[in-house]
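Two complexes come next, and they have one chain in common, chain A, joined by chain B in the first and chain C in the second.
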Partner chain A sequence: MTWYLIRRAGQSIAVLIGVMILTFLLLHLEPGSVARSVLGLKATPARVAIFDSLYGLNKPLYQQFDIYIKQIFQGNLGVSYQLQQPVSSLIAQRLPRDAILLGLSTLLALVIGVPTGIYQAARHNRLADDLLAGTWFTLYSAPDFMEALLLIALLCVQFHVFPPAFPGSVNSVGGLFADWPALVLPVTVLSVNSVAGFSQYVRSTALQTLAEDYIRVVRAKGLPERLVLTRHVLRNSLLPVITILGLSLPDIVAGAVIAESVFNFPGMGLLFWQSALAHDFPVMLGGTLVIGAATVLGNLAADVAYGVLDPRIRYAGA
Partner chain B sequence: MTVTALALATAVAACGGTTVKVGAGSAVKGQPERGGTVTVAEVSGASPNDIFPLTPATNENGYNIDLTEGEWPNLVYIGDGANSVVNPKESLYSSLTWSDNDSVITIVLKSWKWSDGTPITSRDFTFVYNLLKANYNDWISYLPGLFPADVTKVETPDTHTVVIHLNRSYNPDFYVDDVLYYVPLMPQHAWDKTSLTGAVGNYDQTKSGATAVWNFLQKQGADMATFATNPLWKVVDGPWKVSEFQSDGYYAQVPNTSYSGSAKPTLSKVISTPFTTDAAEMDTLRSGTTLTVAPLPLNDVGQIGELKSEGYSVASVPTPGVAEIVPNLWNAKAGPLLKQLYIRQALEYQINRQQIVTDVFHGYADPGNGAVPTTYGQQFASPLEKSGGPYPYSPSKAEALLKAHGWKVTPNGTDICQQPGAGASDCGAGVTAGEKLQFQLLYASGSADYDQMNAAIQTSEAQAGIHITLKAEPFNTLVATTSTCNAQSHPASTCNNWQLQQFGYQPYSVDPNGSGIFNTDAVDNYGGYSSPQMDQLVNETEYGSDSSAFFAYEDYAAQQLPWLWLPNQDTVFVYKSNLAGFTPASPFDFTLNPEVWYYVKPAS
Partner chain C sequence: MPAPETAPAHPSPAGSPLAPEGGEVTESGTGTQLSLRAFVQSKRAMTGTAIVVLLALFCFVGPLLYHTNQVAVNLGIENSPPGPGHPLGTDPYGIDVLGRLMTGGQSSLELGFAVGIATTVIGLLYGAVSGMVGGIVDAFLMRIIDTVLAVPTFILLIIVASMFSLSLSVIILILTALSWPYTARLIRGQVLALRSREFVQAARTMGATGRWVLARHMIPNTLGVSVVTATFAIADSIYALSALSFLGIGPPPPFTDWGTMLTGGVNNLFNGYWWQVYSPLVVLVLVVVAFRQVGDALNDIVSGQRTDAARRRRRFRLLPLSGPRPE
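For the complex of A and B:
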């Protein structure tokens, strides 16, 4: 296992370097002048020259890349052209908030989706299974922006139960929890679609597990159905969930543009979207690097979790 | 010559033994209250990120002035109620006179004090001047060739008098409105240093010293984490001080209790709170929360009735600038067509501006009759523009113009040149037989209003057989593609990839002359328009003393159509109905003067 992890770590670094090179080249192939784009209509040649000099854009591409790589190894992701702040600070402000928002919504989806999936499998093809499946698919098929707007119209504008937006003064994780009512709607909206995914994956795997010989054996031995489901079916049904969770990590890091827009939650998604529109290369490069790291880490964590959940799984060279 | 302006009308209201002095003409009635907090919504991307009042050239954030103007107001204050005029009462000088054929300015500063009690003196002006003289290329408000590059000498005969010698004569109104308007005063006794812990000196008096101070202040000014705590920013001469600042744009200002000006703040705090989107802001307004003032997206104008029932009033303020479609006169394909004045005239005749004002902007827009807005700064609007401009919507005139120049006009089809040649009744030089009258209009995406406006233009132009195809691009992409073009850069290949463009509006300073826009060497002359007569007329508005020169320039620009004129949308605000002093407001001081706002108790 140790050797496997070392090898995967090496692969991850190679992937990250590849992502950096590709993204750097693609971004710099964009047409038009970055300085003109950022400085806008009032950009004089002198201002453009100062801008290019300040950010090294007047250097050959290979030198710019060399500088970029050196900065990264010094923990410096550069300075946002548009926001005039260090990219690492921008990410550090937003990442913990997104981790809370998307982490809570994922947790809520798990808490609802996994037991529901097991329950549906246990009640396979009965009314409860059909009703729950229909409910989840209906919610899954509704766009999240529509769910968000409907909830705001009902619970914020009509009945004033929850605030429709995060207060602008919230800039810390502690502040998020202090203003917890503002978290309720975005967490709910973000979890709705995930519940459908988790429950249906778990249901499907649980049905397969329930058909296994060893389940028949434990049932024949007289193990109560509750213990059959929790001890034997649940554990085996979690493997696909691990895969989804591993793949969710980059999503958590990348933010949720729609929820952030609707609920006034300035997170990573909006940061990257706005930086893409503004040709803000340092932010885009920093964001790509962080998302790339989250992707390889998520996959690595999923692989490790497989082994923990199912001791039969052994990796080559482990 | 002394710059004059209308005097600030004030209303004085008694309030439990205190006197509240507010801007003129507030419509809100009731008993004034001292204190209270106002929360102002910041639209997406409207958060300041630099507090140093001489913003660096690489920082294009136009919202920094929302933060700095209240702390370090500019020498010249523009705005007197709804009038866009110099307001001497709120300006930092007691007199400003011109002499020597309008080449020397003598400014006498008011006997005001910095917030730490130190008097404001002419040394504070020379401090600003010295820093700028050494670093003006790195100042966002620097206009090529103007202050401080055009200054030959600055004298300070006494502690409150500054004499500025310029290298040529100027039109005083232009220079005060468009140049000195951007110059603040800064506390030399507190800021003339090169490190936070270092001693204050006279470093600004050498070029290297001035650059070192400039670099230090710029670096401090960009450190958002210390906006509210850095001792530098505690020394102010404006009515406000920053008390809280978060790097995501949330900030609070409290009154400078030592403010020397007449309009002392009545409110105890003004909070600016950021919103990621218009939708989030609207939901907050509709849910009846604590927002006091908020810009209203024009798409949501239909909700005004509902907002009024939530206790809001509505105000609109014209946007200083001109909205336009820029024709690329040097595009290889479309240039020969667009160089023909009669074609630009036909295009303009087919734009139903009044309909756009009504249907797209819900009545909240300047009609766009020419190069100068008519809904503010009335002193600048010529009779021609006030009467609707030279090209009011007229399909019949557009069609007649095209037919008179040899075009076969096919309404809702595409017109074809039948009579090539350069004669008076021909299609024009460079236009070939059988050539179609068609253009691509590139515009900034992301605005439903612009989508609607350009669709309306496309439809109305089609009625005269002028075929327009629309292409939307993100604003920054559009700017990066097209703003490299000016009269000198045409017809380079980089300027050949667009025909017509509409990016929004061209912002104006107070004096809306065409300097920097329509003259041949202008930075913002994206379409490559060049006319010796225009150059001469623009120069006369900038350097001449003839007051009729402005109207001559304005009418010529309106008629010659270096750009096609469009309606320019206003800024619409909603504000709590118990907030007085919010209106009337000039486009140049609108959200920047909460010192004249105050709450009232409803009259019983």
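For the complex of A and C:
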């Protein structure tokens, strides 16, 4: 287990360094120069020179990388060209709100997805299973911006149940809950895609579990089917969900970009989209770094948790 | 243990004690023939393929039969509802929506197929080489993939898309650059599994070079998985382009695709011009669902789960079916 942990942590560090190199390279991938794309084509050479020296863009590449890495470790992710605020404080403002949005939607997805997955496995290849599988598949395949728009068209425009977007004044985490009706639709849209993933995954693991000998034994003992499913199948099918949780993190974050821009949710996704429209690279790359790090750590945590919870993995990895 | 609900497709004396385990051998032929047959028999695969073919015909042959003006603005007929002359109405510039669907679909489908093929070729080579060579090279190549995969593809797509002036070919390049790592990692896993199989070791023992094993054993045996990932890559890239257009960072006009049409329509949805939203919506969902259906069905075939009947029969087999067959 220790060796497995060390190896896994080493891989994560390598990937984290890779993400830093990636974001640094992306900044310099910009055709022409950063200054030109931010200041516009009509900027005078003097303004371009001032911009370059202000952001250290006139130094050799290796020095810039050195500075970049040192700044990252000091928690300095640069300054937004557009908002003239430190990127780290912009992200720090928004990250807690995203934690709430993503946390709530993942929780909702699990609460819906796991029981339906087990139910589908119990009704394997019957009408209920086929219907549910078809529904999840269509919802999963349909673009999430479309789901968002249809919900808005139906629940906001037609029936006025929920507000279509967050009021621009929401600035605090408490404000999110004060405006909870505005939270309902983004959470729903984000969870729809995850439900499909979770339920289909739980369904296939539950099918494998159902074929195990110990299930046959408890059935032969005369345990009611309901208890077979809740006590034995559910527990054993729940473990792999941890891995899926870690792996689906990038998808959830990507979905958040669309959901947040549709619903004007003041999170990382909206910040990201607005900076993409304004060519605000420090914000985009700082955000990418934070998201990348979160993904790597999330995967690591999922792997470790899985190893701790399932002894078979632990011994196989040792 | 649930009993099989329906009779197997090929009647066999399943109840008799003499019945072979796993049912009669009812299919014979090479692996490719069997897979093709399974593909044709799979309802999902065939429905998906039919939808894709019909949509391709609609987009590429349709404009030859249904002539519309897709260039000039005609404000005299702006936002007209579906009716004679314009079966799906017109958009805010007086352009026929049905004709627009065809033109927009061309770019969506071209993008999908180009990215699907390019992703598969690059991912196949990278993954196969990484898995074959192994050791430090493999570890290094895999960390590169982990790095790209650590950042959500859509986020990277937005960053890169906001840097370049986009055209269809640039988007194809970007999407390919971002999506091959998935294929590569999958193929590498397959190659690692294949490496320990007897027929590969036999070839090695007989003095086959690495390149020979790669070309004759590894790549043909991972083609099934590659086709599956290609299908998903097509669906994902069509979806990514539409999402990008929807966010307003897609290629600038006169470029058009279903996502662009959708965004334009959404701005008019609250005026009651529903035809501008629902027409691109339906085709977009249709094409993505169709490709994913095909991919899912192919996945079942490739992973050895043939038709439903075979799957039901297999449940009663005791011997593992995967792995090398005893000759």
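Basically, the second predicted complex is superposed on the first by the 278 of 318 C-alpha atoms of A that agree within 3 Å, B and C clash if a C-alpha of one lies under 4 Å from a C-alpha of the other, contacts with A are read in each partner's own complex, and residues count from 1 in each chain.
FYI, a residue touches a chain if its C-beta (ideal position, glycine included) is under 8 Å from a C-beta of that chain, and two chains touch if they have at least 3 such contacts.
Note that the structure is a prediction, hence the values are computed from the model and not measured.
In the superposed model, A:Q93 makes contact with chain B only, not with chain C. In the superposition on chain A, contact is made by A:A211 with chain C only, not with chain B.
Applying the stated contact rule after C-alpha superposition, one finds that A:L29 touches chain C and leaves chain B untouched. In the superposition on chain A, A:L277 contacts both chain B and chain C. With both structures placed on the common chain, the touch criterion links A:A165 to chain B but leaves chain C unconnected.
In the superposition on chain A, A:Q84 makes contact with chain B only, not with chain C. Within the superposed three-chain model, A:R47 lies in touch with chain B and out of touch with chain C [touch as defined at top].
Shared-chain residue A:V157: touches chain B and chain C both. In the superposition on chain A, contact of A:N264 is made with chain B only, not with chain C.
Common to the chain B and chain C interfaces on chain A are residues 31, 37, 149, 157, 261, 277, 279. The residues of chain A lying in touch with chain C in their complex are 11, 14-15, 18-19, 21-22, 26, 29-31, 37, 124-126, 137-138, 140-143, 145-146, 149, 153, 157, 211, 216, 219, 250-251, 253-254, 257-258, 261, 272-273, 276-277, 279, 281, 284-285, 287-288, 291-292, 295-296. Residues 31-34, 36-44, 46-47, 50-51, 54, 83-85, 89, 93, 149, 152, 156-157, 160, 163-165, 167-169, 171, 260-266, 270, 274, 277-279 of chain A touch chain B in their complex. On the side of chain C, the complex with chain A involves touching residues 1-2, 5, 143-144, 146-156, 158-164, 235, 239, 242-243, 246-249, 262, 266, 269-270, 277, 281, 284-285, 288-289, 292-293, 296, 308, 312, 315. In the complex of the two chains, the chain B residues touching chain A come out as 42, 45, 49-50, 57-61, 137-138, 140, 144, 222, 224, 246-250, 271-277, 279-281, 283-284, 286-289, 446, 474-477, 479-481, 483-484, 503, 506, 523-524.
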